[in-house]
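Next come two complexes, and both contain chain A; in the first it sits with chain B, in the second with chain C.
Right, the complex of A and B next:
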């Protein structure tokens, strides 16, 4: 049996806030203040990361539920994305040669099967903003162009964009 | 803080804003009138002096019989947040800090930095930071027939409905430099008063000459776009996510680069109308006196 087929990854559960949507999963990492949106394929793989389901079984599950070809490379792509997003428990999965894949190769495969590229595992991530970064503020670069004089500088908490009365130059100060 | 407490304070006020008790004290009574104009919409006087946050405003003025200008200072509790000879900086910093504190810590509300316009019983929400062009788009939508609800925050309740946040707008010129403070009532805009469900979220930025070809976002991507502008995202992520999810549950969320706001206003109202219930009185706002 292919060693990769016996891998049984586990999802991380600590310090996460999870919101299930019909076709996606939202995950907020309280430790890193990052939010992730898992598409349907990534969500299904993550949900089955229980430390008891093998990657071979996951591939079978994706075939049943989504009509994807039974291909562990698709599972490997999802697991790699979950690992990068720090959503897998430490030590339960590490990429190895057995799970090597090329995303381009997978896209080609799925396109041939009938336009299933939309089902490739995708995780969209963003770093949760600090309060001051969300609204009326300017970046250091914008301030240097004298855009947003008077607004707080999001890159420098406590500073505002000010214009020198004589030279007309602007800086966060 | 004790050192600050020992200074002579000539005037003080305490108030409640979105469930938060805040106080402001000043060393001269003259500045208090200006400060009262900066308070967030919906603020009510508080009973009793106990507050969660106390601002102290020290107006420097000019030393008598000299032309020496003293520093003006602003403290939030014991922390000094600005020290300047320019009074307007203190006033502007107080306004922004206060607004941010309320938005980040409000009880029972989630604040998303966004413009909001009402149309046929639904809210059109335009998330974006300053200088992103949302004020321009808000103006275009109001002039195309919508009701003004906010230029600064979409204030969401626990059911995902958007409450009005009607405050003085800071309208910048095309370089982002000169600022004019305008209240929407003085423009004769109709002002919405009741909470509305979200019908349309428009994630956009301006690029001169751009062709408007938005794509629709999934629910998950829609929440992410709003989360990027949610003031309390780090402070209260669980509540933020749950509220945003509710807010977009019956809304269409679109994203794209736009050209001039007037060119797309009618199209946006049409899209929002597709999500609207039959016309109701929910969106009837009080008309500005000027009209």
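Right, the complex of A and C next:
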């Protein structure tokens, strides 16, 4: 049996705020102050990261629930993305455990099966859309709302909008 | 001619914002008859007004969900949904901290408004507004000291002079304990909540569309035994303001007034009011989201722009000088409000420039506060103070 099939990764649960929507899962990492959006495939894999479900079983689950081909490479792609987003518990899925996969090969495979590329596991980083519309600097008022963290403060030359590492509050400093 | 055309464009954009949000709080919301181009043009305005998630809620099951401007609205919906979860934790932790010091806080705005929407992520909020009795204020500050990491930024209100009630006791008697993550959070009774939202909207010139949506939601959520007499009790001037806000929610956003005491006592709004509000909504800049006046004084080029942005809008001016909403021209009210604000600023300017104040400064209890106790102090106390002096 492929060793990868016996992997039983576990999801991280500490300091996370999770909101389930019908087709995606939103996660806010309180430790790193980062927000993520998991599409349905990534959500399902993450939900089954309970330390007891093997990757082979996850592949079977994706086939049942989403009609995806039973392919552990899809699970591997999801796990790799979860690991990069720091959403897996430490020690349960290390870089050396990665199942080999080629994203390009997966896309080709899923396209052939009938346009299932949209079901490829995706994890998107979320940023406040107000922040995305900010230009090259922010005012005090914007910084206070954590809009434009890292950008120079137009009201205070020489200072930048910084986020307090513990409270998450923002100020020009 | 160019200034007039520009003004007309701003008003048109504001009306598009109103159209996008009309009835958006309902489940399901009514279909929206705007073009993808319209959506793209007003997306920045919707985001600035705090109503991006609500706009997404309105269009998510229509063809507009694929419009160019829809993606930021969807991302806002996602982001605000997450933030709602975080803020709820903060609220319960702040309430627990206060109760451990014997303080019983009242939650204002924010979650108190958001909980009436179909999903609480549709109504974003940042700070947590908590009212405490004046005699408990110092204990409240002590309870929250050094706990900003758990509670977020808390705006502490000493009493509720902005509500124009003779007694805080009756406000507390009519309050509700609403369950939130296993904690009973005290919120204003329906009547006081609606009253507070109406007065808050007008005091700030109705510049944020989401505040008018809050009034519409509260209006349509009112229970059968809603006490209209209590809502409007008090000076006729303030009752007039409240009726005005309710009728504005009806006229601009389609909030249902039928069969309510507001419908019976409502007259037509003065002709200047709706244009004044939609111009706020259509404006690409607002002083509340721009550099502070103190900061602007350091750069002469910024002064003229800062002054232009701060010319009081007619709604804010009317309430600021204690006037009534009538057909009488608003210029005298705006001039009066401008003079009062200038006088206040002049007395505060040296301190603000020294402190490099992070917030706008106004007058009286309804004004956002200055940097006292703000996280800017570096000790992450995370509390801001709303003083208890009554507004005029």
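Following the convention adopted for this analysis, the second predicted complex is superposed on the first by the 122 of 173 C-alpha atoms of A that agree within 3 Å, B and C clash if a C-alpha of one lies under 4 Å from a C-alpha of the other, contacts with A are read in each partner's own complex, and residues count from 1 in each chain.
The rule we apply is simple: a residue touches a chain if its C-beta (ideal position, glycine included) is under 8 Å from a C-beta of that chain, and two chains touch if they have at least 3 such contacts.
Remember, it's a predicted structure, so these values are computed and weren't measured experimentally.
A.B. asks: Check whether A:171 is in contact with chain B, with chain C, with both or with neither, and answer first, second, both or neither.
C.D. replies: A:171 contacts chain C only, not chain B.
A.B. asks: Tell me the contact category for A:140 with respect to chain B and chain C: first, second, both or neither.
C.D. replies: second
A.B. asks: Given the touch rule stated above, what does A:28 touch, chain B (first), chain C (second), both, or neither?
C.D. replies: both
A.B. asks: Would you check which partner chain A:160 touches, where first means chain B only, second means chain C only, and both and neither mean what they say?
C.D. replies: first
A.B. asks: In the superposed arrangement, which partner chain does A:152 touch: chain B (first), chain C (second), both, or neither?
C.D. replies: first
A.B. asks: Shared contact residues on chain A for chain B and chain C?
C.D. replies: Dual-contact residues (chain A): 17, 19, 21, 24, 26, 28, 30, 35, 37, 126, 128-130, 132, 142.
A.B. asks: Across the complex, what residues on chain C touch chain A?
C.D. replies: 44, 47-48, 52, 72-73, 75-76, 78-79, 81-86, 89, 121, 126, 148-149, 152-153, 288-292, 295, 356, 358-360, 375-376, 378, 380, 382
A.B. asks: Spell out the part of chain A that touches chain B in their complex, as residue ranges.
C.D. replies: Touching chain B from chain A are residues 17, 19, 21-26, 28, 30, 33, 35, 37-39, 124, 126, 128-132, 134-138, 142, 146-152, 158, 160, 162.
A.B. asks: Which positions of chain B touch chain A when the two form their complex?
C.D. replies: The touching residues are 81-82, 89, 92-93, 96, 99-100, 103-104, 113, 129-131, 152-153, 170, 172, 175-177, 179, 218-221, 223-224, 227-235, 237-238, 241-242, 245.
A.B. asks: Using the touch rule from the top, collect the residues of chain A that touch chain C in their complex.
C.D. replies: Counting only chain A, the residues touching chain C are 17-19, 21, 24, 26-28, 30, 35, 37, 126-130, 132-133, 139-142, 144-145, 154-156, 164, 166-169, 171-173.
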